[in-house]
Amino acid sequence: MQQLKQQVFEANMALPRHGLVTFTWGNVSGIDRDRQCIAIKPSGVAYEQMSADDMVIVDMNGVVIEGKYRPSSDTATHLALYKQYPELGGVVHTHSTHATAWAQAGLSIPALGTTHADYFFGDIRCTRALTIDEVQGEYELNTGKVIIETLGSHHPLHTPGVVVYQHGPFAWGKTAEDAVHNAVVMEEVARMAWIARGINPALKPIDSYLMNKHFQRKHGPNAYYGQGR
Amino acid sequence: MQQLKQQVFEANMALPRHGLVTFTWGNVSGIDRDRQCIAIKPSGVAYEQMSADDMVIVDMNGVVIEGKYRPSSDTATHLALYKQYPELGGVVHTHSTHATAWAQAGLSIPALGTTHADYFFGDIRCTRALTIDEVQGEYELNTGKVIIETLGSHHPLHTPGVVVYQHGPFAWGKTAEDAVHNAVVMEEVARMAWIARGINPALKPIDSYLMNKHFQRKHGPNAYYGQGR
Amino acid sequence: MQQLKQQVFEANMALPRHGLVTFTWGNVSGIDRDRQCIAIKPSGVAYEQMSADDMVIVDMNGVVIEGKYRPSSDTATHLALYKQYPELGGVVHTHSTHATAWAQAGLSIPALGTTHADYFFGDIRCTRALTIDEVQGEYELNTGKVIIETLGSHHPLHTPGVVVYQHGPFAWGKTAEDAVHNAVVMEEVARMAWIARGINPALKPIDSYLMNKHFQRKHGPNAYYGQGR
Amino acid sequence: MQQLKQQVFEANMALPRHGLVTFTWGNVSGIDRDRQCIAIKPSGVAYEQMSADDMVIVDMNGVVIEGKYRPSSDTATHLALYKQYPELGGVVHTHSTHATAWAQAGLSIPALGTTHADYFFGDIRCTRALTIDEVQGEYELNTGKVIIETLGSHHPLHTPGVVVYQHGPFAWGKTAEDAVHNAVVMEEVARMAWIARGINPALKPIDSYLMNKHFQRKHGPNAYYGQGR
């Protein structure tokens, strides 16, 4: 448990270091599948004052089982994703500038180049708007449900993130650290896509065979990028 | 008095740390409602050389009652806001890049997402132009008056800031620190709104029920964000 | 002489600190009117390795009278400005991103708000293109001449800078430090004007009475901004 | 060999310092023409943990002859360029934000000003798309070939870089350090060109005589910029 707290703490601290958060916006969680619980950032606590011990341990029903703080207000969204996708080890939510701008624009972040294809196989989808009932009901749980609806039959680790309409980005990965890594990439490709479309509004999406090559080069069975860990 | 000076000093020093000011542009004040006086940044003094003792204490008529420097040239604007709104504990003015750009564009910063709705209930309004008489007369006082006119019947803590036409942002809050917090948010949502509209000029304002949910989640009677301080 | 070198050195070192230069791009000079010579940055020397003793002393004909390095290749432009305008104590040239973009766009940086009017009374003009003869002849001298032609009858300290067409910004001031100050402001208002016009292409220039108020508030005979130095 | 490793290591470490890379994206190599081998960054290793000894030595056929890591997955592209152009001493590939955006836009970075002309004589060309066969075959080698095809009869040191369509920038120079220098310039002029065209979509390319003057002033037989090294 201490190890999970430490990992989740470090993943949370990576958010300000990568320029993804202002103040206390943003939260990262990680899961222990054996014990069926997650560690998550406490709600509204400043990064500068946070320690690993401040992480909150919550069971799969959202009940706090360890920790002196309230968990992130987005906990129910994290739990919905972990329950739906057994492949996930970490989840992250931020209001990073450019990914949030795409969410506000109500558009998917288009796959325009190899930077995108190295991590996301296809567009980073924008969800539909939540209905008034979904917002006034169990809002955070319904946010998780609409993310799952948006992913549909796509493998969650092949497009490890979405932008929630008029809200902001959620990303995930095999671990909490991996989730943050994908959130950093999403912010950067969101920025590049904004600039690229400003330069040439008539640009074309990435050629499908180039996208396939780059994604497989890093994530396929015959991947040859990196040191083959 | 020393405590107020210290708080206002720290709030002023937060401006360069958050990237809101160039040189000496920008000023923060805080009020002591019991003693009916404010502490405010001295005019044109560099942040690097400023100490808490350099803050200037001014009474509600603008008369300096303590301090070796002249107070900020915008003091009369601050005083007008404190007199009109008993809820305010701090006021801040900056020329932060993106909020100032909206002021120069002459447009309100539209409420486009939850980042905005977490702090501002509705658009951040742009004032009308001051008339030639208002500018050539008591300019700083009239700037305060036009801000008050722009807010109209809206609660000042529900939309804690405006942009003054062709000038720049003013923000406020329950304390000097809180005012700076709102100024940082205003700058960030001003930046996001610029980018989002560049991506999709036909985007829609945030759904009113989503705006309501987010604002209430943080500021309503049943708020559940943060640690319930 | 040592004092002038030190001032010019410090002004040059302020360029990378304010994010105005990449590598060795950019140069600042300062003049000693009594001795009729200037101190200027050596050409192509890295900021990290520069000391006050590396500044080059050049007489008004461009002859090096002290220093082990060649002076900046733009020295003739600086000298032309000093000769024309006895009010100048410092001159600076950079390739700062946004001001250079306006130069490449071939447009003056429009006066859109009080941030601009606090330092520049009116648009920051863009020069005409130099002719083929002007470029192939005494290029750097002719750059100075076209700046002077562009300023025309305007007071050089009322609009302390121009952008040279397809090249970049030149700014000046009462001292070398003052010149750098104006270059920082020019870059910031160039950035704001780009964003503001992106938000509202139909925006209007600043109201003339507001521009007048702000410029006079800081620079007029009855200035009341700052500590009245 | 140790010296080459050290130079290539330092050139790689300059990438994050100049803000050109996120995570492990980007790689620099340098060549020893006498020994007919190159030193190149290992694939997927974090910059913070890298030392000079981690550089991989590869012969001209791509065979590792020294080093404990796999070389960059882009090694074949680097080798193709070294074989074609005997003038090259260093090659660099990054996904720097603005240059990559031009690659995604599918457009050459236009020569718009003297900042560009000081280093690149003419537009920084965008390659054609690779065909499906080129991508599915020897992809990295074919990337090198299409760069060479794009340069055509142009001297590689007169336009020391291209953007590969839907991928990103490659740059080169006389040394590894020089290659990184050119990559930094490419990113900066890519950013300026984006902004300049946003300000004035009808802007004109730099006058050819001005481009010629600036390039020759720095790189021609009678160059007079810098200290004449």
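The letters A, B, C and D name the chains in turn, as written, and every chain counts its residues from 1.
In the analysis below, a residue touches a chain if its C-beta (ideal position, glycine included) is under 8 Å from a C-beta of that chain, and two chains touch if they have at least 3 such contacts.
A quick note: this is a predicted structure, and the numbers were derived from the prediction, not measured.
In this structure chain B contacts its sequence twin chain C using mostly different residue numbers, the overlap staying below half. Most remote chain with respect to chain D, judged by CA-atom centres, is B.
Fitting chain C to chain D on CA positions gives a rotation angle of 90°, reported to the nearest 5. In terms of their C-alpha centroids, the spacing between chain A and chain B amounts to 32 Å.
Shown for chain C are the residues in touch with two or more other chains, namely 197-198.
Pairwise, the chains that touch each other are A-B, A-D, B-C, C-D. Interface residues of chain B, counted against chain A in their complex, comprise 112-115, 181, 184-185, 188, 191-193, 195-200, 203-204, 206-207, 209-210, 213, 217, 224-228. On the side of chain C, the complex with chain D involves touching residues 22-25, 42-45, 69-70, 73, 95, 97-98, 100-107, 129-130, 132, 135-136, 139, 166-168, 194, 197-198.
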